[in-house]
Amino acid sequence: MSEKKQERVGVYVCHCGSNIAGVVDVFDVASWAEENLKHQGVVIAREYKFMCSSLGQELIEKDIKELGLTRVVVAACSPHLHEKTFRTAAKNAGLNPYLVELASIREQVSWVHTDKAVATKKSKAVVAGAVSRVIENVPLEELKVPINPNTLVVGGGIAGIQAALEIANAGFHVYLVEREPSIGGHMAQFDKTFPTLDCSACILTPRMVEAGTHPNITLMTWSEVVNVSGYVGSFNVTVKKKARFVNEELCTGCGICEEKCPKKVIDEVFEAGLGYRKAVYTPFAQAVPKYPVMDRENCTYFIKGTCKACEKFCPTGAIDFKQEDQLINIEVGNIILATGYDLFDARRVSNYGYGRLPNVFTSLEFERLSNAAGPTNGNIVMRDGKTTPKSVGIIHCVGSRDKNFNNYCSVICCMQGLKFAHLVHERTGATVYNFYIDMRTAYKAYDEFYQRVLEEGTLFVRGKVAEVTNAARNEHERGKLIIQVEDTLAGKQRRIPVDMVILSSGLQPRADSKEVGKLFGISCSTDGWFTEKHPKLDPVATMTEGIYIAGCSQGPKDIPSSVAQGAAASARVLDKILQREVALEPIKASVNQEMCSGCRICNGLCPFNAITFHEDLMVTEINPALCQGCGTCVAACPAGAISGTGFSDQQIMAQIDGLLLRNLEPVGV
Amino acid sequence: MNKYLFYPGCSMESSAKAYMQSMNAILEPLDLQMEEIEDWNCCGATEYLGINLIPAYSLIARNLALATKQMNGTRTVTAPCSACYLNLAKADYYMQERPSLGAKVNEALAAGGLQYTPGTLEIRHLIDILVYDIGLETIRSKVSRPLTGLRVAPYMGCMLPRPDYKHRWSDHEHPTELDDLLRALGVEVIDYPLTTNCCGGHMTQIGPETAFELIRRLVADADERGAHLMATVCPMCQMNLDAYQGEMNHYFGTDYHMPILFFTQLMGLAFGREPGDLGIGAELVSSRNALANIGVEVPVTQEPAAPRKKDEGLPMPRRWTKHEGKEAVK
Amino acid sequence: MTEKFEPTIIGFTCNWCSYRAADLAGTARMKYAPNVRLVRLMCSGRLDPTFVLRALSNGADGVMITGCHPGECHYLEQNYKALRRFLLLRRVLKGMGIEPERVKLVWASAAEGARFANETTTFVEEIRNLGPLNWGRFIKQEAEINESLHEEVPA
Amino acid sequence: MTVNGKKPKFAMYWAASCGGCEIAVLNIHEKILDVDANFDVVFWPVAMDAKYKDVEAMEDGSILLTLFNGGIRNDENEHLAKLLRRKTKILVAFGSCACEGCIPGLANLGNVGEIVHTAFNTITTDNPHEIYPRISFDVPEGELHIPKLAPMLRPLDQVVDVDYYMPGCPPESHQIAAVVDLVIKVVKGEAELPPKGSVIGVGDSTVCDECPRARNVKTIKSFKRIQDIAPVDPDLCLLEQGIPCNGPATRSGCNARCPNVGAQCIGCYGPAEGVIDYGARLITAFASVVDAKEPEEIEQILDGIPDPTGQVYRFNLAGSLLKANREAWKVK
């Protein structure tokens, strides 16, 4: 092997206050390194209280300049924390930032081991591994990629609308894709919102109209993303725009077609199964866009080829049965996922009887009941559609904080339960019981709302409801729904007969969240919520550059938090757009064309389609822009013709030898 | 030919002779063959496990050990009585879950030259086999005299659906297996919320007042919902509701007259067998006028309930069914 | 008490899941056996069987390969390729007289610090039971071997 | 570099090998005359009579070129290797045995004691009195010696410093001819020697580069032995048909001799340039083409390769990172 130029390596062992020095003998590690790794090029080895402090960084910068260091190893915390800090320090001193290597002796040594001697010995091995590896590092430059200023927002709920409006108002173009016929999301279904009791439509519809008419927003409703490829700055997205069978240019939104349509169907989505809609419909009056859609499964024309009433009565001839689904390709630089949540299916809690006992309603069903535009015009009535209940029981935490269903707290069901209690009081004067285990009213003006509902005379029973049954045991219970609950404050079992029960159900990730995650290349938590880059410090970004998440898709939250996250995600996108280009980690794979025999074994391994085969030259090539740097092809190439920067074979093999203390002079450890 | 190892249990030969008789009557049409376990012994019912764990489990496990010697062709042991089924299932489950218990039980069995490795056998109740192995289609195809007009309250009892170790049942509170089976016979099944509430078990011996209250709730609710009779899957439930119904009436001053039959008796009737061959009439609360609705072509005495007016009420959401599966929605 | 055998184990982690699980075990101050020395790869798919052979032939007594759970890989599906390589590598190691249990594959997501710590400790015990591998110990003492072997070759 | 006008000296020696490499040298047809014309063959046990003491008598470095084939199995091989190293300017590890141990190297899968036992006391060899060869044995005429077996077979470069490597089992005659021409040119000063330690007489890629068969993205549902596939598609890549072909990881230079005639490559030309462990490259190659995600299914597909160790280390065992089976390490 050709004799390599001797590198000049600086080793810096951090005390991290007592986090490391408390367990690892940092002085011993530093002196050991200087003593035993001299032949590998270690010219200086220091220990310092806080390497990440500006003084610590200056220490490195001074050494690089004065001692002409060509490599730096910092034995401190995890690279995920301060790799950037020390790379910038090296850069300031004129050393290529990728010639710095972090040896983690805090998270992976001092914090997890107790025996001081063993921890010190392990730290030496880790430092030796890092030194052997850093010698093999090569200078790299970040790959600059242009940022396409267009943005894709998936999901037209309040979070998606907020994100789209912020970006559009900043003067950049947004594609807002929504699966349902209209934007608005779950919020459009609510009657009132807590704690202010604002009418949900009154505060939502203006934002919907603003989004619907904004010159910088292309609204794509009744559409779904079916394919995503590319990387931050240039994503290529395919959107399937389902056929509406209504020509959007001609339609004026007059609604005659819906009026005349003879086919009535239960509206499972917007009316939560409580109301009806026609085969051609707009989900609600204030829908944006106002164009109706045709439900292919239920429209008589599509089933039997007859009827066509809507076509006859349409004043502008906008009905077009020939319309086809369209696949539209759009180019965007960043993507925000605001796909919202699904309501927990209360039928799974069989002892609460939803789906078996008629007068048990879910929270969304009650939202439609209490909504003036709902199936009962806002009259709170029982399942028979006529009788007003005299007593109502509202059960909190249905499906949440329950190891049989969802462990987590869904954040909004307490306030939602209180809102229902208030509405029932206001509209019917019925006696209201709220069954809760903990009253969670944490945000601004929430607890004040709780006090108000208390003063209105709501009866609060602290206890997890055991069962809702219609098996009466005495005259007093006949014909009623009996709520069996252990009242933990009164310390006894109670059976409370009521006319109607409302289940304040919890929130759940979308049923297809795992598939959607895979489509956009992000992962989900075990429950199914999208995984944020960092739960505390980076809640709207994801591990994948250029993909952001907002609202309930990231976890259960109330409307103010969803709006805040929508705005936060848009800010992150705007800062990417304004940078015009983004630096990608220079961790890429590349093929040595002479050595490549064209065996094509690597061709099937890249989910990002970065590997292409040239039939003419019978060789493979890797597109550095598409390559995400996972290194699978580097490890797979039988001819060893594919090399990877940042994690090359030489670096890793050297680190293995270093960790096993194979590169030492005869002086043992 | 579906072959199963059969553990009859004590009551099938005494207080629940009718259950045995009616079961035997439906074996042949359903192509079912029951091979009784040689020299089986009592399963300790609901009492013994509460008194002394190791001897109780050894007593039960002895049956399992004997069954493993007759396993030619099948590894499923079936028991018609819920208490026997649960005890056998518990023995198999806990010998696996707690190896120390398993070892002690095997130590006891060794004295009799027997041994049982947990997991070798599958323990399933009779109705589980009828619904899921034989299948409702086959049962429906065998019905020659549909029991239309007979209103029955389906009473599954508490020992089948809970604890449901092997997730065999559609729901732990409101299982629908018995409802579906009775509907297959043409029966009009009423919506009976107390289908898995406890009948008191051995409480009739220890605290009769509590037992009477439990029995009253079950019978009163069925009566209030217009059931002609109650169908049950367990000899202990049948005995408690039937034999103690008189004393319960006396205790509360009520005069309920709710016949308690075994679901296999109804199946026998639906398969065209005569009531006499099915042990019908042996029950203390006579089912004669209840069966008058379908027994003989006697015009139904009560006015048939007015056809339900198509009410304008709000639509009901779809009922929860087993094959929809809990995981599907999670 | 005789000197207890302390195995040396090389662990390969993937940057997005198992490395962060190790970090999480650190921030949560979970204690686990110190015998594993970690190498950070971008993905478990980057694992080249050469790395495992290098570790085993250079003094490691065991190798632990960790990555994201199948289906949760940051690069979508590259951990399946690591699984396939692992299964074939184990068979080759068996042919070389190395107990396949000396190389273990463990999936741990970024949130499973405890799982990472427990799996590490259990694996260290498993290797301790298997005893030292110390490959190539005899090559160094070339001379003595020849003498010692000399007698063994049946005259 | 001619030595004062006289023809440069050439030597060839065979250690633990099958002699195929010697025949391959003869197989360069009339070019053997060029060898004779340009070289003074001083030591070539298979072709001429020469004694070790003749070689020992030569000056150090007086032999220009030595083609050393065969692995180092016993102390005689080792002695000659060290001797020829001293005597030769250009020592070439000639053929797979010298480069990486080759088939004789597979003895490292067992313990050396087994070799002797297998050779002298098996079904085909009656040895009731357990008589085995002895290292030294006294006879009236004096003490007889035979070479002593080393614990493991080692390639040449693990015993002495090697100038060039020429893999192949045996190296292709056209490659030998090319090397001979090169050395002749070097002697005449018309060409430069490649850098020390490089692999000569080979291509710079792997066998697929020279293989005429068509190839696509490979998704294998089952591995099979070639005789179990009837008929074998003559034009399609063999690996794609489920036959474990080592071509993708084996050095080119043989013009894909085996795949050309419908047999899978078994890897006699050794690893490609810069590869550290040949077997590891095949493990990752075969793993990459398996089309399954569930462990059980993968294991089922891998069962199609009955002897994975033999498949991936047939020629390269002694040259691999592990070098030998654990049995061979143990002192019996």
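Labels for the chains are A, B, C and D, by order of writing; each one numbers its residues from 1.
Just so it is clear, contacts are C-beta pairs under 8 Å (C-beta built on N, C-alpha and C of every residue); 3 or more make two chains touch, one makes a residue touch a chain.
No experiment lies behind these values; they were computed from the predicted model shown.
Taking A-B and A-C together, the pair of chains sharing more C-beta contacts is A-C. Among the other chains, D has the CA centre that is most remote from the centre of subunit A. With centres defined as mean CA coordinates, subunit B is found 48 Å away from subunit A. Subunit A and subunit C have Cα centroids lying 34 Å from one another.
If you average the Cα atoms of subunit B and of subunit C, the two centres end up 55 Å apart. Subunit B and subunit D have centres, each the mean of its CA atoms, that are 76 Å apart. Touching two or more other chains at once are residues 48, 50, 54, 77, 81, 85 of subunit C.
Residue positions of subunit A touching 2 or more other chains, listed in rising order: 605, 635-636, 649, 653.
Residue positions of subunit B in touch with at least two other chains are not found. The touch graph of these protein chains has some other shape, matching none of line, ring, star or complete. Per the touch definition, subunit C reaches subunit D in the complex via residues 48-50, 53-54, 56-57, 70, 77, 80-81, 83-85, 87-89, 91-92, 94-98, 135-139, 145-146, 148-150, 152-155.
Subunit D contributes residues 75, 109, 112-113, 116, 130, 132, 134-135, 148-151, 276-277, 279-281, 283-284, 286-288, 290, 292-293, 295, 298-299, 302, 305, 307-310, 312-313, 320-327, 329, 331-332 to its touches with subunit C in the complex. If you check the complex, the residues on subunit D that touch subunit A are 197, 204-209, 215-219, 237, 239, 247-249, 252, 271-276, 281-282, 284-285, 287-289.
Those residues of subunit C that touch subunit A in the complex are listed here as 8, 10, 16, 19-20, 22-23, 25-27, 29-32, 34, 37-43, 45-48, 50-51, 54-55, 58-60, 68, 71-78, 81, 85, 109-111, 117. Every residue of subunit A that touches subunit C in the complex is listed here, in rising order: 78-80, 104, 106-109, 111-115, 118-119, 122, 125-126, 129, 514, 518, 521, 523-526, 531, 543-544, 587, 605, 607-608, 628-632, 634-636, 644, 646-647, 649, 652-653, 655-657, 659-662.
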